[in-house]
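Here the chain labels run A, B, C and D in written order, and each chain numbers its own residues starting at 1.
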């Protein structure tokens, strides 16, 4: 660890830092919604931020890939006119856990793969990510150690670790450094503090153990063998096809493209919205043939997308072990 | 292009859906730029004798007079849109079907109950063919606009056939079951943007049930949260009573 | 929220104009389309475009004309959904939005110098017509050409006039079978698989190209393998729900593959283990 | 001049619900004059039996889309009365705001879309888009803005979501208060323009003395949400005794029941409230009244529309004050409720009977429930403002027709239609709720 990359933020400066940050550009962070539920929302002060939180109802992917975004504006009143657009807003996301950062890294891979998705990439460029370390498991659904997402592994501009009296902050990018510069609350980390961080990480290795008794490298192979397994039918019987599991998943990115006319029927917009492979029409073609008619087939598809299909293409699992899918729905790969 | 003639009609209902349309505000004027409203009793004195392109119908059919009237309207229009729970699923009027019609008549009107003949409540499509449905009590305006535009463009509108939970999760509401109260979201058709849960109340099922609910899965959910099935069935009886055919 | 125009957006629409239309059957209509500014589509046989009906949506449509036709291309559309239903109202002179072409078409360079066995079921003739006409326009590049067509009834046969011309050509072997035929029908009756035994071919130098409804593939491919055509010389074109055409939206995913970017034309040897493919 | 005349205005338009006016004149003498109600009944009171009282506000809101906030509030009040629940001060404040929104929304709808076309000589608001575009746009805007404010507080205006027994399921955030404040203060200009427009109209000249009924109270506020029942003949009683106030009786031609008190008929609504509680109006509302030349006691029923505009000014200013108070004091979010249908018994349940009496746009609305020890409704009764006005309308017509007999049939028809419309009758809810009560038996 090079000490120049680490700075300290004392806890009594946290509120000042958050309010300063919120004045630089739109700032979002996890906030409590009661009943042990959290969500990323716009904040302007430190007290609004839930520093300890379990995975938010929706992952922070919603800022990079909004639930609904306009792709094209058109006018049909005198000949066809259409303009492709991107909607974006400079945004800082504070308090992103390593599982959600891993999710954003997956999305970055998908949307950077040619043909590149300029709507996503524009928004990615406008987003600053400030990570926040989990010193311990957040809840019983997490399996981040299985997929190696419990420790920081890039994908952020700044990374905060809660050390009790203070946060130790890893400065990873120029954008991160700019924030440190602009908010005058940081001091350089000393050796003791770096040592404390190292020992915290050491302790984490004791706490976070692979939650599922399999070697993660064997997962794709295991899935290859399970394609015709009965387990999918059991899942299908319990699935109510609500689509929650895909909506809350940090790596799910499927979308639908729709048109909307203005009321005077002269112009309108083409937009995309999140879609879910779990709902019936997802794989239905014109003429009503559904390529995944059964809930069991759709659940299987979802699991294979997390653990098998994308491994060859993107060289990584598309599960971040956040446990959100499991929390949203009782059925979980056990 | 000639503007399509559109007429609004109401049957047994609270007329709140018409009011929702009035709540479009100045957007109404955009709408009036592309359609020709020929009958809309609540805001217009004008009457239209001829045929029309689109009939927008609110309310349930609850007596013989209503049944005759809706059949005549169907004959006069090319496209019929049923809007609001009363029209699409019978809605709260359906609660009446849980009583003996003579008994409920006497309870409300006393000895003169026979002046007010009534029949079992029916949604509009149980009497005449309906081309488009706008569910909800009241209608959700963004959806109404989508349906109306689809009707004017001559393209189908597919009522969402997924649970309210889908939209509720996207709105990042804390699940009502987690708050300790039961909610009909898991079995009710979405499309309302989880309007009631967004405002801290539960879903009462006003949009009708999803067409292919996983009953076993649903029972699992109820068991998980210790909700008795009859409590859910009683709630279903508020809007969805007309599903139960004698 | 800022809104910026992105010129390199993948969702940019190219404007086209309907030059001519022809009602082919009660359900299918043919559109001849020219792109704005006389530019050519530059597609390969087997590729598709996303057609925009603004305010209604987009739908993937196979290009059914050969790229040898310059200055225009053709789409043959069955009215089954919102977009295709609306398309049927278009007439000559109307404008239309086009994205694409998208996907992998038939590998022309690989096919050259070989015999071709083209098997089309129902609407499968639409993408294949692009290939067939390309082959005819470059007839010397290919060996023997067998074309087998299966339809439900006589009324479902598309491009009937062209088929008659193909029938008359001496450099092509063409046969058509109907599932159900009127008594006056002179041709074959029965499933398309019944035509295959009658085709004489040299399997090692023959590429079989199969396009049809999902149910057809399995039976036809079984016959082809029985005829000793190598797995790697069987090509299929698959249909899936598509929204973006760029391997992102997820609708057309077939296990490891995205039909829109990895297909729609696949080599059978690549997908034979893919259980969801056929 | 002796003449025979028969007027039958079927499906009276531009009022909510289905009503017919029937007038028979033989040899210059009025033989018959009545308002038929031909809406199909809905049996709400019957349907409420057997349902948990916690569902009552949701269900009875569906009696009428126009007054759904009013029905919700009357229903909540009756239920809380039966259960013995006392709402907090904050809840009462927010409920007053909610009721104001409803009155604002309903009055502006009535003034511009139902009444102004008659006064401007237009068939309806539709042709006025051409002839009075600015006014139509203003009307739609005013309605929309009030509606938007109401959406913030109640989730939506038509069948409100957040108002339940015990309080609110969602309370306005700081930003919400600010938005509502902006929306309402932004309406002051439009209020002025409306005042100018209405002051150019010539309302029909017609007077008939009648009894005016509304809520009354000893407090300083213009009583809308709570109070005793009072009449211009000096009667005052507790809301528990509402049946002695309304004295419902059946008339053969109408599916809505009629009411009377000291005289043959009595009136409720904006004009009654104006006559009864003028002193308690906001100073700006009084000023509005002065500028429009209306004074208590006003006995021209056509001027109900003017009284509505006075009330609009009052409710707008009072709403702004309530919001400003909340902005100053802050909102106590610990009062936000999670109740569902009270399956967790968070609100204690007991056997009892309760009455709700609320001034809704068209007059005093009563809900009355008897509940058993499980909180299930065993008896329900609702009395609707329009019901109470029907008999008064008929008496107005009986006096009016002979006075205008020399006019053409079309003119008479229009005068009668305008009269009925001036009461802003919500026939749809009045028939939904008919119930015979057996007070004397």
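For this structure, a couple of remarks:
Convention: a contact is a pair of C-beta atoms (placed from the backbone, for glycine too) under 8 Å apart; a residue touches a chain by one contact, two chains touch by 3 or more.
Every value quoted in this text rests on a predicted model; they were computed, and no experiment measured them.
Chain nearest the geometric middle of the protein is B, using mean C-alpha positions. Contact count check for A-C and B-D (C-beta pairs in contact): higher for B-D.
The most distant chain from subunit B is C, comparing centres defined as mean Cα coordinates.
If each chain is reduced to the centroid of its CA atoms, subunit A and subunit C end up 39 Å from each other. One simple way to say how far apart two chains are is to compare their mean CA positions; for subunit C and subunit D this gives 66 Å. A straight line joining the Cα centres of subunit A and subunit D is 51 Å long. Centres computed as Cα averages put subunit B at a distance of 25 Å from subunit D. Within subunit C, contacts with two or more other chains are made by residues 55-56. Residues of subunit A in contact with two or more other chains: 260-261, 265.
Taken pair by pair, the chains that touch are A-B, A-C, B-C, B-D. Of all residues in subunit A, those touching subunit C in their complex are 70-72, 74, 76, 79-80, 82-89, 110-111, 113, 115-119, 122, 227, 253-261, 265, 268, 270, 272, 275, 277, 282-287, 289, 291-292, 301, 304-305, 309, 312-313. Residue ranges on subunit C touching subunit B, taken from their complex, read 55-56, 82, 85-86, 89. Residues 149, 153-156 of subunit B are the ones that touch subunit C when the two sit in their complex. Touching subunit D in their complex are the following residues of subunit B: 10-20, 22-26, 28-29, 32, 37, 41-47, 62-63, 65-66, 91-93, 95-96, 98-99, 104-105, 107-112, 115-116, 118, 137-138, 176, 179-183, 195-196, 198-202, 204, 231, 235, 238. For subunit B in complex with subunit A, the residues that touch the partner chain are 27, 30-31, 33-34, 145-146, 149, 152-153, 158, 161-163, 165-166, 169-170, 172-175, 178-179, 186, 212-214, 216-218, 220-221, 224.
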